[in-house]
Amino acid sequence: MKNFLHSGALPATGSDVAEQWNHLYDFLVGMSFFFLLIVVGAMLLFIWKYRNAKESDVVPIKDHHALELFWTLVPTALVMGLFVWGYVVYRDMIVAPTDAVEIRVIGKQWLWNFQYPNGEILTNKLIVPANKPVKLIMTSEDVLHSFFIPAMRVKKDVVPGMYSSIWFKARESGRYQVFCAEYCGAAHSGMLASMYAVDQDNWERFLSGRKLTVVLDEVKESQAASNGTGGRPTLVEQGQMLTKTKGCIACHSEDGSSRIGPSYKGVFESEVELTDGSKVIADENYIRESIEFPLKKVVKGFAPTMPSFKGLIKEEEMNAILAYIKSLK
Amino acid sequence: MSNHEGSHHHFILPVKTGTFIWITLMVLTVITVWIAQFNFGALNFAIAMLVATIKASLVAMFFMGLKYDKLENRVIFIASLIFFAIFMVLTFSDLAFRGAFRVQQPFFAESGSQPKFANPWKVTPELLAHGKAVFETNCVTCHGAQGKGDGPAGSAFNPRPRNFTEEPGWKNGRKPTQIFATLKNGLGSMPSFASLPLDDRWGVVHYVASLGPNTTVVTDADLKSVGVDPSGAVSAAAKTLPIDFAIERMATGN
Amino acid sequence: MSSAATVPGENYLNCEKGLWSWLSTLDHKRIGVMYLFTVLFTFLLGGIFALLVRIELMSPGRTIVDADTYNKMFTYHGVIMVFMVVIPMIPAALGNFILPMQLGAKDVAFPRLNLLSYYIFVLGALIAASTLFLGGLDTGWTFYTPYSSQSSTAVTYALLGAFVMGFSSILTGLNFIVTIHKLRAPGQTWMHLPLFVWALYATSIIQVLATPVVAITLFLVVLERTMGIGIFDPKLGGDPVLFQHFFWFYSHPAVYIMALPAMGVISEVIPVYSRKPIFGYRAMAIAIFGIALVAFLVWGHHMFVSGQSEVANFVFSLLTMFVAVPTGVKVFSWVATLYKGSIRLTATLLWAVGFIFIFTIGGMTGMFLATLATDIHLTDTYFVVAHFHYVMVGGTLFGFMAGLHHWFPKMFGRMYCERSARISWLLVFLGFNVTFFPQFILGAQGMPRRYYDYLPEFTTLNRISTYGSWLIGLGFLWCAVYLFRALRSGPKAPDNPWQALTLEWESSSPPTFHNFDHNPRVTHGPYDYGLIRKEV
Amino acid sequence: MAHPTTEHHYAHHFESAEHEFESCKQGMWLFLMQEVLFFSALFVAYAVFRMFFPEAYHQAHHALDWRMGGLNTLILICSSFTMALAVNAAQRGLRERTVWQLAFTLILATGFLVVKYFEYSHKFHVGILPAKYFHVAELIGPGKEFTDPNVPIFFSLYFTLTGLHGLHVLIGMGVIFWILLRAARGEFSPGYYTPVEMVGLYWHFVDLVWIYLFPLLYLIS
């Protein structure tokens, strides 16, 4: 029964709270169908039964107090019960255990930065320990965003000038999708992040800056794409992944279409015209400069809106991104 | 509509009653001001509101004639106040209980990443040179290399970017503190440059101020007005960690 | 006053001729008709945007437009549909025409104010529409700060447009309240008022009480943009969530400005076509006011994840639960009215039946969103999109269509083709469910709303939804065709084609300039079907 | 005091002049109802930020001169009184007195705006502007420095509240002038004085709002 209701209709159940949430949701679905069946069933039955009945056969019933009382009081009791149930689950959703791992989140148009206790900052990549409560303390740099992990059934607006928080405990390690759920402008739908729940050993490795022993999903995907050559992904593939995780593709397409900024396709070593009319060759230096100081040399026809990524991209990552852009002839 | 017929007597407020109400209102106003001179703590607010409500009731009941009006009209007016109260109470059910998470927001307070220049509000030739360098990376696209507002990207904007070499037309004024505020908050199409380090910003401010005629100097009073304590690096106003500073630190990871 | 002598065949449509006689008319019927055509035009506009939005969402990534354009399209769809279609649709268009007639009055209390309201509405709509040529509008219809105070699009004009339209709504409400209080015909006691009047009465009260708050709120955002007052700007010490309180203090009751009149229409239609008194008249009237009152106490349920305090979440969730009770009473009473009636399944009743089906789904899914825990996951996803379309489109629009088909012969003196009307209903009803039911599943799966691009796994349901939207479009297109044909060459309508008992049917079709040839006197309840005959 | 109604032609959908008058009056009360709610959002915002930043409110109110505010309160109360007298005169058919009282009301309203003008221009001069443009170039006086960072938000509310109220005063002056002309033309009588009474209600409401604004803005301890 549960599988029938959930298959395809709900995201994965990632935590114990999500499990509780599912029960409540199931109840609501059942209740809705029950009432819908009563209302629509009765309606169709009456219409069918009394269609074209003679007007003289009409029984002019004006009211029935007992019946009315019944369908006032029963729903009242029902919704009160529903409120209590909803509130009980809600308490579990918002009150974080005191031993939760705290990770800070900053939303900005249109990416997520995650700041870890060890000082690491990752963009659009949230690494958390599995089976341990995690509390996210979030704020925004510009407009409203909303941090939403469907599998954990948690969501909270990220508000400038204010800290909001959510918590969850992922049951299993793996990749979970993160969305921005509050409309925040042009690339709202590109403001995605991946959450990776890793086991205790890897979490400690991550905190101490050592190499993880697990291969994160996105790398696995690219392995499959690289046609079974095995081993680590190529530099170009890494670069492609990075443009996704850093949020670049929210504004820069890889297929030649214009978004907020120019497309990567064919840009490398081409001559681009800048807003001041001068022309530059888009070589490694120019692209790197544009990533770190985006407002310095803006391509003609585009607004100077890109945030600086200085300090957010490691040298190795920069190399991979450049290699990737170079590959898009 | 028989219920509307008949010779209903319009109530006419007698001049004598009106005069009495008027005098009472004047006296109550004087009382409000007088009481405000004493300090009863939280009670002051309650007293002020009580007196105001007495005055308002007098106006509504007599001048507006609600005391003698139809029930319907009385209900209408009182209902509007009830819904006002609902609005207030339910909004406060959020805001009065939100305190813990709120970030106190200083408006011009700056704070101390390790600056290259101490007290950057004091002009020095080195700071000016530094400001020129910062200007050339961040501002020339719109304001032009000479600061004449003729930068290449500037042509896209309406109004055009400020010409720094002219005296008139500065929306926020061209005292250094005022330029500083513009840098911090942005103006029209110009984005905020609050993310630049403090001394970078002051450098730009001095450089921009030096481009035009009649360079003004920063006085201690000016600095105070933007929340900078002239004697030290951090303003006393920044008792709590300012949010943009916090974000800056978080984003750069130090 | 004595009844005006009428020339046979003369009615409100032909008593004066020329465009100017329309533009300067003080006749509530003509103003109602002008509203009707204005609203139908804006509905067409909003509908085109809706179809474009759905086409863009046919496949992930770019389909026809870029992200910026998409954001503007859904914003225009929302702004037009909310402020220019569903809010004025029933009260201003149908209400203006029908309300005074149901009361037995010659006009609304303040005819000049009524015309002024219309022009204010048009002015506001034009100001808002001017943004189309001034850089567009990309904030979403909710205008949430700080995005709306920072967006470089023509937000200021859109806000001013909505601000101006707000006053049209307020003045219409004011006018209706006084009309209902003061202009009832002899015998038209409170307990003899048709439920449509009750519904418009409650609606008007909401309009007068709530609309000024959104007016000032939008104005504050204008000041924020132009003068930097910073009340909603966290950088200046303001609070962006406060905007949401102000906004929803109006916009939640506004949902009932949209839904209550539709409920009123349904309460008119069902007794007429089942030849039976409405079940539980008194409870129905009380329920209307119950809903209107609770409407003001529940706005915070739009903000469960906004960062508002847990106390507020608790209070608002609890209060929201009570909306279900009067709404349930209404739905059950409608169904009970059908019991042992003599059902004539006309197109009008079909729209009403469609209303009950869709509104029940809309209401039940509202429970998911009122319940704190489930709301956390579902809010800001397509679940919400589906829910409010089930309430707004399924509710208001189906109610409007029922009302339009019910009163069309009275308004224009022509009959439409019943068969065509049923086909149109079938297309819209099927199309609606095909469009929006998949969106419940999309939302439960976690697809956030206002997304230009989406993950590949959401493709199938999105595509089904888009196909459904074409069915809806087709249905309304067909509806426009047969109604237009009826206007031009439909058979002449009798005065009371549906044998209804409410007062508006006592006048000729179309009504004369003064509505009635005699001064009407009410001697029976509005729904005394089967009771009057017995007395006779 | 029921007067013959023959001199006023009421609209065709009313039964009598009395009926029309009562309807208009109720319409006016409903209009005032929406006015209450119109101002309510600003009062809620005022209360919210007062709760958040009590110290800022306290510091900021030093920049407002309670003498000016008090004077304006007295002016408005007087104008309310003259308005009440004008309505009284119109009800009794005293045409000349109606005109005079309305003229007094207009003069007092002008006085209110003049005082307001001095207050505003002083603030603009010293750099007290809505929050984003707030830049105080000079200190207000010894011991009255703004040290709280949220002072500007108070002035945003001050300008919005008093500005909107001022706008109401301005509109009020317009309609008072309009009925003054009509009264001078002798259009009103004991049988028909609806516009005078309606404008009177509006004007008292404007006074009513100020009665609260004065202590809320000028007298914060």
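Worth a mention:
Each chain carries a letter (A, B, C and D) given by its place in the written order, and its residues are counted from 1.
Note that a residue touches a chain if its C-beta (ideal position, glycine included) is under 8 Å from a C-beta of that chain, and two chains touch if they have at least 3 such contacts.
Since this is a predicted model, take the numbers as computed values, not measurements.
Under the touch definition stated at the top, subunit A and subunit B share these contacting partners: C. The interface holding more C-beta pairs in contact, when A-C is weighed against B-C, is A-C.
Taking the CA centroid of subunit A as reference, the farthest chain centroid is that of D.
Taking each chain's centre as the mean of its C-alpha atoms, subunit A lies 33 Å from subunit C.
Chain geometry summary: the mean Cα position of subunit A and that of subunit D are 51 Å apart. Put simply, the C-alpha centre of subunit B and that of subunit C have 39 angstrom between them.
Once the centre of each chain is set as its mean CA position, subunit B and subunit D turn out to be 24 Å apart. Along subunit D, residues 15, 19, 22, 26, 30, 33-34, 37, 40-41, 44, 48, 52, 131-133, 149-150, 152 each make contact with two or more other chains. The residues of subunit A that reach two or more other chains are 160-162, 164, listed in rising order. Along subunit C, residues 181-183, 209, 213, 228, 234-239, 241-242, 245, 249, 307, 310 each make contact with two or more other chains. Contact between chains, as defined at the top, is found for A-B, A-C, B-C, B-D, C-D. For subunit D in complex with subunit B, the touching residues are 1-2, 15-16, 18-19, 21-22, 25-26, 29-30, 32-34, 36-37, 40-41, 43-44, 47-48, 51-52, 66, 70, 73-74, 77-78, 80-81, 83-85, 87-88, 91-92, 127, 131-139, 145-150, 152, 200-201, 204-205, 207-208, 211-212, 214-216, 219-221.
Across the complex, subunit C meets subunit D through its residues 1, 105-107, 109-111, 113, 170, 173-175, 177-178, 181-183, 208-213, 215-217, 220, 223, 227-231, 233, 236-239, 242, 245-246, 249, 514. Across the complex, subunit C is touched by residues 11-15, 19, 22-24, 26-27, 30-31, 33-35, 37-42, 44-45, 48-49, 52-53, 129-133, 149-150, 152-153, 156-157, 159-160, 164 of subunit D. Across the complex, subunit B meets subunit C through its residues 1-2, 4, 72, 79-80, 83, 86-87, 90-91, 93-98, 101, 103, 105, 107, 185, 189, 192, 243-244. Listing the residues of subunit C that touch subunit A in their complex gives 62, 66-68, 71, 138, 140, 144, 146-147, 150-151, 234-235, 238-241, 274-277, 279-283, 305-307, 310, 313-314, 317-318, 321-322, 324-325, 328-329, 331-336, 338-345, 353, 356-357, 360-361, 364-365, 367-368, 370-374, 376-377, 379-381, 441, 444-446, 448-455, 528-531, 534.
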